[in-house]
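The structure is given below, and queries will be raised subsequently.
Chain naming follows the written order as A, B, C and D, and within any one chain the residues start at number 1.
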């Protein structure tokens, strides 16, 4: 009977993260996406150490050049090296994407979880979400600039200051979809029996949220995260379009793309670089997210 | 022949929001309105006055202007009709003055009527304007596109506080111009058709006008020169390279004209240090180093103006060292500045005691303050390129600059609550362009007077942005206000210009022209920078 | 042609492609189904029962499976015998639902939630029988009458969620019967239902089979149900057929070890007759089993008096309470140290709510819960937290009550962490001991719930409940979702723990046979009240309340000679427990018919 | 359901009032001045006069109150007057734009057609493209079609419209000369030819917008279909002998559409809100362009009114989405 009653062949136990990695490896798209994203991040942050032309250095004699050995990506209308600018722009754009996404995610998940978990806060928080959905981004940004630019400048210097401002502005205006989705999931998960079970063994509310609720809403959060990076990069570029983004000597992919659209006919390669960089980042992050979501879910991982 | 040439399409990338220049003052609105309503006299492309609704231009010689320079009497050309068929009379002219001078109306053109004490209709065709004091240049009221005549009958109920409620009149004023409004879609599009009662029966050649607004300069240029969808595009502030590319498409061509518009760097003569309180910052204390002639001269010398012109404006720009480069009569030739000389600039600073003592590439003043400046301007592609270039040049002479660009709506807005307005000037230098209307610079030159400096006391209003203060200048300007005679006035104007430029009020960069484009098939376009750009739309025709 | 089997499965092998390579669902299975006969396929969970039946319908392909060998001969209504394993898709479409009908395991999810019952019923008819809408509806109505659904006209326009589980399962049956198939496959049609409804459904299927002459392939793991239904039995184990025979042969003379084990694991109602105390079951293949009665003590551990729990029904513009669900109404009982009190009753009668109210997982409205002399209902949050140290709960569904994202180690350790009882290596040790205690290998500690079988999961839940060394465990249908063999192991484990540690259980179940096996005291609940309460032997041998009597009758007995017929059963639909705000329920009054045996005299609604 | 709706409607009144207050305060705080558009040649004293004429001299609470009265009391009257020829609103001051000195609502109504035409069509087109793509991608998960769909939608999602817009203009207007680059808002559709012209001028902005919306919607649709394809009821449907088409397109689709429909409903306010950048690029001059123009000109009454209308739409469509959910999914009950 013992052999009959013990049908599951026991695998040797493995570390959780090794499992995650194993599953991740099997997802071809995710692996490719991950490698690509890593390459982008590496070239953007480490590239400047290898390519030592300053992104703001103006070499007026060699302006509007096409790709060449000296300037693999060509130069812009003031003779600045496009490759250096792409790297500099990338580090801003990727940082904005990551941090704004992280901010939106934290805010959205927090509000979503709290609204879903505490019935009493649900109504007010969801109306708050409505409010933020209704707020116009531009005036909000202007107000934030007005209120916080000086103190932030004083505390972090002008570049960091505006970076924080823009990241906050994007983060603060893009957490709502995440909150809605997370809330819906939390509402459903809260009714699952394991939550009641956890309560019966004396788990407090905060432990309940962090141990039981959050891991189970990870998958929608991951999806929001991947979309969030893309949205943040694109929002930043739209802000440049509307004249509210980073200062002009602070290149970002969005700004490079926007500046180059005027020269679309004369120097098409100039739109090509930032355009392809944004698209590749978004794509790689998307595949990466798909893979991570699968890898983090033990149910899928087990299959 | 009137109406024989079909439709003409005009695109303004800033859309007109109202057809009443008295309520807006925006160029786009004034120019759109100029198709419909007209002043008594316009300036032509050379800045010379030509009578439109007036029979002649009153002068002291012909007795139209009194000897003591306090009155001017306008004679209206006989037989003029409003587009609704009613007669144009002196009552309309008088009404226009009353309308604008109503204290509650918030008239944008009230400066045109500055010093006017009364406007009387002597008879149906004669109007007499009386000034409080001798006015050597009495051609403010009713002259130029900003001061057209509106119909008394139509606007009778729109005086003062009621002005904004007359939407219909504001959107479709009855005028004497070549066209009448069919439909006005604010901030979008205006459709007009030929005025059946226009004074010249052969004009206008076009039966219809489509006046589209919105978008951006690139798109407007493209629509005229590349796709040929539009016939006329206004104010194409684009990179010369882009303009050239568009022109090569062969459907249209750019035209340029030069008014007194100057792109300049204003130097803050006060100390903008944030550490100073709101009542002192950019108000009282002198700037730690910008006031030194060696500094501002070196800064000016480090700038390669021809390159700026080439990169930023091409055909639509000229190097200038003057604040008032036009009309030609008032353009001073005291300074030359078309050569960049970094070495000389460095030497100048070195000599004046500004040395890089700590080896960080930035000079320090003799008191040890590093020469770091904040350089702000409005958001605009060309300005940002200029900023980058100038920043680099200045860094070569050991002056480090931090760049900041601000949304135009904030920078040029006068909100006293905002720290980012150009009036507050919470920066060391700022770059923008300014100009004046008409051909007489007197009131423009007043922008250099000590008491026009913006300060908390004036709610930060005032046009003396650089807080320039010079006794000699003030005195000379007072003299100008009482001097008649074009030549003498021009002479004084030049001297005023030299004082301010020579004493660190500003660093002029580029004399900017207006660049517009018209389709090759559109004939009769004469670009006018002294009045409405489309002043002679009545003469336009289709080249067949 | 009558002697020709309707379906012959020959050497069936089904493989699934998974990420870890192919998995064999069914290895080599052959059996026949003859016309007019009921073949029961039994076996534990995962033995390949469903896969075999789905293969016959060629539905495994949609689940990622592939029929890699074997023949599936099917005798078509006209056109002779053909091999379904090779039939083209179009032909399968004609056969499915038309000549083979199928009833699925889960009545709750087998119906499309967004279409009305009528629509789902008529769909097949219109496809296969070329009926127009009116005809199909008429036929659907007839079908609903056949399966004895009350108010069939109204049901047609209702959505699945508006029906009770039993009604839904009847709809599924009606749907499968719609085109009068020659073969009806029923895949565990009653496993998810409670006794009373199960009894009804079984009787119904039996009748339908008799009336229409359809052959039935009945899949189950419940031997009692087999005894009730089968003509012939096929026993499956890990993808293989291990035994086949008539129902009498299988029950009276099982050959294979597995069959024997299966039969031994089935608790039979009446087995405990004459025994005063519960005792563990004798299981096959377990050496040196200690079978001793568990006496317990008569010290009162928990005393519940007049417990009432209501759920507000909100409505109206301002979300005010407009009515109450009287889930638990004036309930009193005692649990003695080291003993088990069972609560039985139909689904929805308030058993779970009563159990949860004790731990204040739902807040009771009024009453008194005294645990070791402390009033639980009066405690503040902090004291309640402490009190829960001594009272733990095991939940009905082992699949739902474990967090899918957490390793088992962490789940079992969680209560210890919550109370700060252990940390570091001590924590590890204690968890390891708990795993030993519930007889799980320590190597499972790093696994996730989905990597465990149902029985193993329930052991984890038990280990978690034991972690704090509680005095009372509320076991809310702790074994209902498990296979018989696993269920027996878990029951034995629980009783063993009771004997060793002197635990008390509040055992909630609807399975009378299980209750008989484990309890010292039994309370029968109906519509929120306890209608009968007393020592197990008395309640089972001398049921006094009409409801208790009806409940006893519904229990299927694992003996093919004691089948029940439809007319034995008379269940009234349960009245609604929802009452308006002004409804004042009468207090419960009991008559002590024997010492310690109480019967409700107040009107209970039955 | 009805009471749920009514309750939410009642609740939305204080919500909206609060939102309007927040918007007002936000705009109050924002730097910027309606006089920024006025040329520098106009001296400050005059600008100050003009500001006063706009009512900017009054304290903020009074201006807020005035706006509330104008928006909630006078504007509805104007609407009633318009339809029934009554004269309730005679002599009352409506919400007046600072830029155009004309009633804001008139301009909004004027802008509505082109916004709805372009953005609305884009939305509809996007839905019609996205749904089939999403359905088929899910049905054939991990097929090349699915992979391609993912790739294209991600690229579509990642190119900002200010770039894709200009790109299509350069290709289709400048190089090929097929479509006009500037949208003609005065164009009236009254014949087949004019309809064709309308199509020609709409096609580029619609496509640029639709690309973005499609990208997102098709992802949603795919995920939702995947959720449902593995449900038990699908097996039941197959067991009934229904064809694959009916199983997928009736049974699965109907269930998958529930979340997607609400997502679509939540996107509808954006249609009325216009597409700021795309409108700008193609000169459609709809609501989006109106808003951005008003923001740039600091036309506070206009911005306030527009954002508030937008807020109303968002609150309403959130409610509609919730109600739709309840209607489409018979399991959900709100009382």
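Rule of thumb we're sticking to: a contact is a pair of C-beta atoms (placed from the backbone, for glycine too) under 8 Å apart; a residue touches a chain by one contact, two chains touch by 3 or more.
Here is each chain with its UniProt name: A, D = ABC transporter permease; C = Glutathione import ATP-binding protein GsiA.
Worth saying up front: this structure is predicted, and the values here are computed from it rather than measured.
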(request) Tell me, please, which chain's centre (mean of its C-alpha atoms) is farthest from the centre of subunit D (ABC transporter permease)? (result) C
(message) Between subunit A (ABC transporter permease) and subunit D (ABC transporter permease), what distance separates the C-alpha centroids? Give it in angstrom.
(response) 25
(request) Averaging only over C-alpha atoms, locate the centres of subunit B and subunit C and give their separation in whole Å. (result) 86
(message) Can you compute the centre-to-centre distance for subunit B and subunit D (ABC transporter permease), using the mean CA position of each chain? Integer Å is fine.
(response) 38
(message) Averaging over Cα atoms per chain, report the distance between subunit A (ABC transporter permease) and subunit C in Å.
(response) 46
(message) Can you pull out the residues of subunit C that are in contact with at least two other chains?
(response) none
(message) Using the touch definition from the top, which residues of subunit B touch two or more other chains?
(response) 218, 407-408, 410, 418-420
(message) I need the residues of subunit A (ABC transporter permease) touching at least two other chains; which ones are they?
(response) 142, 145-146, 265
(message) On the basis of the stated criterion, which chains touch which? Give every pair.
(response) A-B, A-C, A-D, B-D, C-D
(request) Can you check the complex and tell me which residues of subunit C touch subunit D (ABC transporter permease)? (result) 57, 59, 62-63, 89, 93-98, 101-102, 104, 106, 109-115, 123-124, 127-128, 159, 161-162, 172, 175-176, 314-319
(message) So in the complex, the part of subunit B that touches subunit A (ABC transporter permease) is made up of which residues?
(response) 218, 238-239, 241-242, 245, 274, 307, 311, 379, 381, 384-385, 387-389, 391-392, 402-405, 407-408, 410, 418-420
(request) Write out the stretch or stretches of subunit B touching subunit D (ABC transporter permease) in their complex. (result) 11, 15, 17-18, 20, 23-27, 103-111, 161, 163-165, 167, 170-171, 183, 185-189, 191, 210, 212-216, 218-219, 222-223, 226-227, 229-230, 249, 407-415, 417-421, 423, 432, 434-437, 443-444, 454, 458-459, 461-463
(request) Give every residue of subunit D (ABC transporter permease) touching subunit C within the complex, in rising order. (result) 3, 6-7, 10, 231-244, 251, 254-255, 258, 328-331, 335
(message) Under the stated contact criterion, what part of subunit A (ABC transporter permease) meets subunit B in this complex?
(response) 56-58, 60, 64, 77-78, 80, 142, 145-146, 150, 154, 158, 243-244, 247-249, 259, 262-263, 265-266
